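One chain, chain A, appears in both complexes that follow, with chain B as partner in the first and chain C in the second.
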Partner chain A sequence: MILLRLALRSLISRRVTVGLTVLAIALSTALFLGVEKVRTGARASFADTISDTDLILGARTGGVQLLLYSVFRIGNATNNVTWESFEDLASRPEVDWAVPISLGDSHRGFRVMGTTTDYFDRYKYRGGRALSFAEGGRPADLFDAAVGADVARELGYRLGQEIVVAHGLASFTDHDDKPFRVSGILEKTGTPVDRTVIVSLEAIEAIHADWQGGGRSGTPISAAQVRELDLSPRAITAAMIGTSSPLQVFKLQRAINEYPEEPLMAVIPGVALQELWEIVGVAETALLGVSAMVVATALLGMTAMIFSGLNERRREMAIFRAVGARPRTILGMLTLEAALMATAGAALGVILLYTGLWIARPHVDAAFGLYLPIAPLTGRETAGLIAVVIGGTLVGTIPAIRAYRISLADGMTVRS
Partner chain B sequence: MTKTGDPVDTAIDLRDLRFAWGGRRPFSLAVERFELRRGEAVFLQGESGGGKTTLLSLICGINRPAAGHVRVDGTDLGALRGGARDRFRAERIGVIFQMFNLLPYASPLDNILLPLHFAPERRARCGAPREAALHLTDTLGLPRELIEHGTAADLSVGQQQRVAVARALIGQPPLIVADEPTSALDAGAQAAFVDLLFDQVRAAGASLLMVSHDDRLSGHFDRAVRLEEIATVTRSEAA
Partner chain C sequence: MPLRLLIAGALICAAPTAIAQQRQLDAHEHGAGTLDLARSGNILEFELRAPGADIVGFEHAATSEEDKMAVAAAIEMLSKPETILALSDAAGCEPQEATAILVAMSDEHEDEAGMLEHDEHDEHDDHEEAAAGHTEFHAHAIYTCSNPEALDRIDLPYFGHFPNARELEVQAVSDKGGFGAEVVRDQPVLQLDGKL
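== the complex of A and B ==
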């Protein structure tokens, strides 16, 4: 096809301007696809963080908030659940299993979570996968701690190492009189577990044994003494619950929500996530909208570039006319030119996207705990790419129509 | 119906033609009668800005007359719709410009082959287009390497004009129209170019209409005509 070859040659002969235009389209396309990838990646990663848990129990608050602090360790609980209420609810017939968790302390920027060893059996992520240890095992002793993969990697922890837990989340007062020992290092999961230090509920009680409210009370209790005390938990932050049958979920949820002894609530993780997406959906749409505008700007830039070249290409159009091209062919050639640039831009954009993802992935993972999958383009993303090409072709018709008019008016004579 | 001659015998037959350019400096051209017989080579002399190119664009069917008839190779262009007229031009007329004949980014070979894309019959007539093109450029004394792999920028002006001749002649259209093809050449090269053009046009059995403001070359032709003799030009200078 000689016309396609000529169009390509013509573009190549103007490689600097054409190259910059294509690059602008490519960058904007990569941005657009990147926003979409991060968006879907974040959703998938959130959805993958909890599976096989039917309900999450917590103090009465917002459903999204409960999900965020209990599963994602984002934000804090305003209230606790008393151990009595938890035990009472956990003994209901609808409950198959219940794992309490207690949050509130931190270790060098990582959250410390108290729980029972059931956690290692019941917590499931990414479609039912269970936690496993890369080294060592579950906490056995009172002052044993299992650390997530990122905790171990970032702090360089080895098995048997002694670590000190800080009181509160951003505090400088340490429970330094009661150091923990790393009993196990968990395999990487791509969930907030990677950034968590897991200890027993009793350990949480133990380190707070000589604390009351915000400060140390009375005489300090040594690590040895504390082992003698009654360390059964008094309160927990939340609990993960599995029901004996899916049919029981709503019944149990209602029972918890109407629990007379204490204001509690239970959320279904999937439902709360859905609620969360509705909230962030607005921001996502805005972000996608902005990046779509950037693509539109790049395409308009391309149009401007074609427009500005039209005048010096009148001679070329007169040659085409003289050898028998119809004005419509000229229209087609210029549209083809725009389509080729948009296609090249879109293709280069995909290359930039994957290169960018590949480079950014470890940093995004470290900074946000978000492991972006490098997966093929989804249907939506492909549709976006096609939209870039079609959009480019459509705006390309604007200068093409102008060229069509010029070539009709010029005929064989090109007058400047 | 024509009064004199058989329309089939004429390569170009113009009757009562009227055409006007609009715009700030209106220009109009009227041709009562002009004929160019088949196989004839005619030289049309006229002043710069006198309307020569305008007349050629009417003959080629690139522009349409406001009134009158343009008959080329027996076909009334007025009876053809836009697309058919363009196709007709592609099939039947080879055009050579004064300069800048070639698409600068394409190889000379692609430039020569371009009209065939719009003229399937012409393409069929030359059989193997590439070979036909290279045969033409060989006889025009153009180096193959340059024709196949160079661009217009690699050619001298004289070489470019010869490539334009090859483009006009490929597939043997019955009419060749040349718009001041020698004016960009130096005096010594002009006569040689016209001789070359003549040889090729004769060999192809085509008719030739060449316009120029410079009548030094008119001797080579069967007939020389002055634009004033056949056309009435009116200009209303608004400035």
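== the complex of A and C ==
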């Protein structure tokens, strides 16, 4: 007990250097834990984005890429799927439901997605939760649009407001002759749906009705005239498919992968995600390794600090010895000081981590669509923290042993 | 007018090629097979697809007596599901049906005629000559399990029986969703952790 009080007092008396050392350990610990939190948060967030969909159908490409562009709106489609092939495959007996989606246009930086109203029934996230409307409802008219929570919040949209969809992803040309009306605003989901404007497939056809060869043709078709046209879609980007039983999934997947009329593929979302983690896993391990090295550096810095303090504290040690402290007491006190610093660093690191998460969460969500959960430390993270404390105590014994030796010698040799 | 006729003629000639089947060929990697697992309620189903090289060590048409014996023995083995999977006893899974076939991979769309059934493997040769030189073994089985929730891992004795097999790409689906995994020879176990 006396030892603890002595160690604490000693640390407090050198509060500036000790404070800086503790801060260095805290920052490195927060970095280490932060990498782990972002890693697990990203995985959970990705896995929560789609559930209850058995297969995703798209043009033949990589499974990961198909999943990324169709569900996460990351990257672009390699090819479209013809409506004919989609209808052909959707009528197979294994298919319980199929929801086509069509991407490619944008609205002020947000993706516009054409789909059917089934999307609102079939799209499920976070273990089977369905989409719901905060205000308004599904698009009913041809030029109705449902907007995600972030779209409405960032652009300040209200029900009934008119919005103009831009052609393609860069807003060089607008479909300003055919504005949409906001018919509904979706509840926040923490998925890419929050950043999507949802319209009907027919609306996507309609706004492109007078477009030819990538530009607007000479004979514009007005919003009223376009309603008279046949607006059945010609192509889609991808489709979400549900099967009647899990036992049908592979049969359907093979039928799609071997579909002779068009090169198509179907992926199981969970399998494609697994592939993605295998790719990303290397980078994650590298990041974790780097952050672990930063922790090691901070702990070594602490050792250096204690070492450089030993000379200044020779007098202090001599007094301790003179009042009856054994060399082992000195060893214990210095090790305890290191352990205290490492513990304080780790604790402060956790505080920094949660403060940082709390501050960064809305920004990360807005910029990357990643919703980082603020959850208690996992077993793995706690183990990391304990490792920091034990590591700090262990490296702390090096200067402590040195002090032990010095204090022995100081007591025995006659110095001039 | 003659030009128009010519164009019309060209279009008519072009039409059949436009709707002709595309050429396509599945990927085929020696050492790597695929295993698809599906569970719905008490029914567990799997399909294994493995390159001929992994199972019998060759993919040419079995002409010699020795090769034919090897293929027959392999099909015999693969049609016993316990050669491929070992399920925990607690799950109480009984195989209901199991089949194994040898398929010649060609750029034609795979149909039943292209498959070589267990009991007609004497007729291989003409099928395999049309093939792109690769063959695949397909094994399929359906189990009913009295307590499927008890399945927490699946061991793969498959690797022990076929020394040329290096890895299996696993796709698994159930009412809980789907997941993927890669099982390698050194660790022939698929951990399910309640995901199936």
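The working rule: the second predicted complex is superposed on the first by the 402 of 416 C-alpha atoms of A that agree within 3 Å, B and C clash if a C-alpha of one lies under 4 Å from a C-alpha of the other, contacts with A are read in each partner's own complex, and residues count from 1 in each chain.
Note that contacts are C-beta pairs under 8 Å (C-beta built on N, C-alpha and C of every residue); 3 or more make two chains touch, one makes a residue touch a chain.
Model, not experiment: these values are computed from the prediction.
K.L.:
Considering only touches as defined above, state whether A:Arg5 meets chain B (first), chain C (second), both or neither.
P.N.:
Only chain B is touched by A:Arg5; chain C is not.
K.L.:
Looking at A:Gly289 after the superposition, I want to know if it touches chain B, chain C, both of them or none. Which is it: first, second, both, neither?
P.N.:
Neither partner.
K.L.:
With both complexes overlaid on chain A, does A:Gly281 touch chain B (first), chain C (second), both or neither?
P.N.:
Neither partner.
K.L.:
Which holds for A:Gly324: it touches chain B only (first), chain C only (second), both, or neither?
P.N.:
first
K.L.:
Looking at the overlay, does A:Gly109 come into contact with chain B only (first), chain C only (second), both, or neither?
P.N.:
neither
K.L.:
Given the complex with chain B, which residues does chain A contribute to the contact?
P.N.:
2-3, 5-6, 9-10, 12-13, 315-316, 318-329, 411-413
K.L.:
Taking the touch rule as given, give the residues of chain C at its contact with chain A in the complex, in rising order.
P.N.:
So the residues of chain C in touch with chain A come to 21-22, 24, 26, 36, 38-40, 43, 45, 47, 109-110, 171, 173-175, 177-182.
K.L.:
Quick check: in the complex, which residue numbers of chain A touch chain C?
P.N.:
Going through chain A, the ones touching chain C are 51-52, 54, 245-247, 249-250, 258, 260-261, 263, 268-275, 278.
K.L.:
Which residues, counting only chain B, touch chain A once they are in their complex?
P.N.:
My answer: residues 53-54, 56-57, 60, 62-63, 82-83, 86-87, 89-91, 95, 97, 100-106, 110, 113-115, 117-119, 167, 179.
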